[in-house]
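Below are structures written as structure tokens.
Shared chain: chain A. Partners: chain B in the first complex, chain C in the second.
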Partner chain A sequence: MAWAKKILRVNLSEGSVKSEPLNMEWAQQYLGQRGLASKYLVEEIDPKCDPLGPDNKLIFTTGPLTGTMASTGGRYSVVTKGPLTGAIACSNSGGYLGAELKMAGWDMIIFEGRSPEPVYLYISNDKAELMSADGIWGKSVWAADKIIRAKHQDPQIRIACVGRSAEAGCFYSAIINDLHRAAGRSGVGTVMASKNVKAVVCRGTQGVGNIKDPMAFMKATEEGKKVLRENAVTGAGLPQFGTQVLMNVINETGALPTRNMQEVQFKGASKISGEAMHEPRKSDGKPNLTTNAACFGCTIACGRISTIDKTHFSVENKPQYWGNSGGLEYEAAWALGAATGVDDLDALTYANFVCNEDGLDPITFGATVGAAMELYEKGAITKQDTGGIKFKFGKAEVLTKAVELVAAGEGFGKDLGLGSKRLCEKYGHPELSMSVKGQEFPAYDPRGIQGMGLAYATSNRGACHLRGYTVASEVLGIPEKTDPLVTEGKAGLVKAFQDATAAFDSAGICLFTSFAWSLDDVAPQIDAACEGGWSTEKLLELGERVWNMEKEFNLEAGFTKADDNLPPRLISEAAGSGPAEGKVNELDKMLPEYYAARGWDEQGVPTADTRQRLGLS
Partner chain B sequence: MLRALSLEPERCTGCLQCEMACSFENDGVFNPAKSRIKVFAFHEEGRFAPYTCTQCDEAWCMKACPVDAIVINAETGSKDVLDSVCVGCKVCTIACPFGTINYNSSTGKVIKCDLCGGDPHCAKACPTGAITYVDADSTGMERMRAWAQNRPEAGPNYITPVEKDIQTYQRP
Partner chain C sequence: MKITLKLFATLGVYLPTHATGNVVELDVPEGTTPDEVIDRLDVPGDLVHLVLLNGVYLDKNQRSSRVLKPGDAVAIWPPVAGG
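Moving on, here comes the complex of A and B:
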């Protein structure tokens, strides 16, 4: 089996680390990563606990395919109760850290309690120890990374780290690994900093060897790679344009949320698109995009490696930003750009670099800046509140200043670090926060893509595109095309996407494979690696089980049907242009149908029959 | 025909599938730490480069070995380490100017690329054609073609997976 069968439990209050066996009974029901770590979390914490208190736990988790030859098998997730939402949080990241953790012989790390002093965890195969974070606490992710490498004198260590924003209590801080890959959403980095943990540093040289049937596994993974290679999205579109392939497509669909979702199309979309990243710029003749790059074990290589124009105002006299780093992906380009009305590609790239440098979720950050701009234009916040900055839509200088302030936790950055829900409540306009359960929307307007409204409203971690990406069907026609403007059939579609996604996320592979793979492609890979007879049916049931388990955690945390909702703007203010002109999101039509499809009662609570069917006790 | 590994850094995405395939073929585990081929990342420049033994004709590792544990494979031209003879003295690791022969502390022997006996698994695993196994006299052919066509730096700044036959992995 591909599990390492070992958990590293780190009690921060005591300063102890110990190894314990993985619960293999649970592994058969929840597989790994998102599913299995969520099972540990719901068993071990009180859903009502303070997310930033010592009673919350923080779990770094791999899946059984992490660190194997399965394409994209380098993922890890961070599971905890999220501070932005108060709901269960699970943020998934690529890069190389996940595989390294597995190579060191661990399926999971469970952090509990709170360290009296700032520390970081150093793992070298079986050996793990807490070390003082003196000298790296108070530093950015990028600065801390350099210091840690110099200290350990090992160029091959992999590092996950939180930045200054997390230390300052920003509610949406990310955990950054390998300098620019992020466990991005819901404030998992904020939880890590609240426990006084700065970094996880790992070196693993034991490898992953316990594959059930190695020859069958190599055959299954090779067949999977052939599918990825030959698919137009994973074999051509994503390597060439990254997720930014979507910018112009979604804008034309009339579903590109613009200026805090006041509009559904953005005039500047083409200037911040994947195509624009290929255009040579005037100053040095080089394009924004240097190359694409892969995460561990990935055949797709959608990652963007970019530079900022050295002559751009944001980096003048700042040579530390002149080199290559992780470039704009679609969600970040949308949030930093369309949501704020800024169409300056270099300003967006700079803001993205800073989000990585100091560990910020660019989606929530950009959307919060968009909300602040609307508050400012309405007069609800003034120059006195912002420290003199005119928070006007479309101003690149405001965006770049704002990201610096939030990164450092200074001035108006403290307010922006609250996220849009708390910010808009503070300034008397809660209706202007474009969020569900306190988490901001990603880059798809649910007036133009109806199914996404339901997906957002019911997502267990708050508004999110990675819990049920019906855009695949409604816009891209994967696995089959549905009409984005109708509500019929969307309840079943959302459920199917949510359940399948939970299965992908529990395996240790990247969700982007699902542009080309169905669970029929994934099941043979898991089954060759793991004991337990992993069929498509078993994976689908696992996905549904995980979804219901997360839902029950949220119900116990105090969420109700009233939280499965959308902001008033999206259900009462019609889209003003494009194919969806005149449309609002018709959530009220879809939600009851969805509850029924899920086997939940009218209040959105899983019935006894549903719980029994899924083995939830 | 003698064949050699051709490495094209400009096609590498840093996915490490070559390292995984190498360690799996040689040690039966997925373990980049024990791979005979290594990919190096140059973050600031936005570049990746795979690197391994080039099988020198005048192999300094072989000449330096005091116990004659490194021998020429007549079929492939690779310089192979005989585990039964190697005493783990590491003199070869000093002699090699490229650093591509390395000590493996878990076996007490040195390890280096042996071209998998003429069927290099790194090349099979590479999704983008950054590693290919070609006529040893023509390792520069693709690069020459790129230059002949136009300036290579003017080419597309992205790398896509290349078409390949499905390989069935076999291990002795």
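Moving on, here comes the complex of A and C:
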């Protein structure tokens, strides 16, 4: 089995760390990572607890394939109750930390309570201790990373850290590992800071040796890699253009939410696209994109490494931003760009760097700036509220100033740090928050891609593209093309994507493999690594079980059918251009079908039969 | 008649030199189909993956049967995805 079979339990109130065995009965039902850690969370916390209080727990979790030779097997997730939403949160990250944690011999870290003083957790294989965060508390992720490295004098350590925004209580702070990979959404970094934990520092040298059948595993993982290599998307498209190739695709499709979703196409899309990142700049002849990059064990390598033009206004006299760092992914480029109407690629790249430097979710940040711009346009906020900034759509200077303010938790940055739901409520226009369950939409307008409306409305962690990416089918034709403008068949499609995704997310691999792999490609890899007879059917059932478990947590937390909804704009204001012109999202048609397909009652509550079928006690 | 052709990602190299960005306006005879436009620019067929006509997806059959109208925009990508 590829589980380390060990959990590190850190009681922050007491300052204790202890090892305990992984519950292997649960591992058979929930596999690992998202599924298994969610099971622990559901069993151990009151769903009604304050996400930022000591009763919430924060779980760093790997999957059975994390740290193995399976392609993309470097993933970890952070599971907690999210402060942005009040719903169950699970944010997935790549980079190298997850594999390091596994190679140190741990499946999970469970943080509980709250430390009286700022601390960080240092793990070196079996040894784990809490150390004082004196000297790093109050610093950015990038600054803290440097100090920690200097202190431990070990170039091989891996670090996950929160920035100043989390300490200041921004509701959507991320946990950043390896300087620019993020467990990004729902405010998992805010929870970490609320517990007075600044960083997790890890060194693991034990490898992941306990594979059930090593020969079969080598064969299965090699076959998996061959599929990724030979698939045109994972073998060529993603490494060359990254996810950012979607900017023009989605804009052409008429589903690129623009200026706080007032429009569905953005004139500046081509200027901030994956293609634009390849264009040489006038000033220095270099393109924005330097190279692609891979997370641990990944044979796809979709990551972007970029530079900003040294003469760009955002980095003038700031040499710390002149080097290479994590560049724009599609969702970030959309939120920082189209959602705010800003088409300045370097300004977006700068904002993205700062999101990494101080640990912010760029999706919620950009969407919240977009909402603030609409509030300003309507006169609901004025220069008095913003500290003198004219918060106008399309202004690159506003975006770069806003990110600095939220990163430091200063001035109007405090308001922006609330996220769009709380911000729009505060200023009397709740309808202007483009969010579900308090979490902002990513980069697909559900008027132009109907299934995504249902996926957003029903996502257990609030609006999200990574819980049921029907864009793959509705726009890209993976695995099969469906019409983005119709609602027929979307309930089943959304359910299928949601369940399969939960299985991928519980394994320790990257969801992007699913552009080439089906669960038929994944099952042999898990089965060779883990005991328990992991077939495609068992994985699908696991995915459905995880989905229902998350849903039940949310129901107990107080969410109802009324929260499975979209903002009024998307169901009553028609798209103004493109193929979806004249259309709204027809959620009301899809939602009842979806509840029925899930085996839930009319209120969206899993029936006794469904619970029994899935073994949910 | 005039149509607009957009070739994205790695297909950009097949655009005529007077193209700006990824877009070019072309003069084509009445009755032209998307496949004929693709042929005219020597875009290798196996790289033509996603074809949108005015933003709407065309399957393989439609690419050879749909007759273009003046002002139509055809956008083409090799196999790509993201998220």
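In this text, the second predicted complex is superposed on the first by the 617 of 617 C-alpha atoms of A that agree within 3 Å, B and C clash if a C-alpha of one lies under 4 Å from a C-alpha of the other, contacts with A are read in each partner's own complex, and residues count from 1 in each chain.
Note that a residue touches a chain if its C-beta (ideal position, glycine included) is under 8 Å from a C-beta of that chain, and two chains touch if they have at least 3 such contacts.
This structure is a prediction, so every number in the text was calculated from the model and none was measured.
Using the contact criterion defined above for the overlaid structures, shared-chain residue A:219 touches chain B, although it does not reach chain C. When the two complexes are overlaid on their common chain A, residue A:236 makes contact with chain B and with chain C alike.
Shared-chain residue A:579: touches chain C; no touch with chain B. Once the two complexes are overlaid on the shared chain, A:252 sits against chain C while remaining clear of chain B.
Residues 236, 240-241 of chain A touch chain B in one complex and chain C in the other. Residues 67-69, 96, 103, 156, 179, 204-209, 214-215, 218-219, 222-223, 225-226, 228-229, 235-236, 239-241, 278, 287, 289-301, 305-307, 323-325 of chain A are the ones touching chain B in the complex. Chain C makes touch with chain A in their complex at residues 6, 8-10, 12, 21-23, 49-50, 52, 54-57, 59, 75, 77-83.
The touching residues of chain B, counted against chain A in their complex, run 13-17, 20-21, 23-24, 27-34, 43-48, 125, 127-128, 156-164, 166-171. On chain A, the positions that touch chain C within their shared complex are 231-233, 236-238, 240-246, 248-249, 252-254, 270, 274-275, 329-331, 465-466, 469, 471-472, 475-478, 481, 483-484, 511-512, 515, 578-579.
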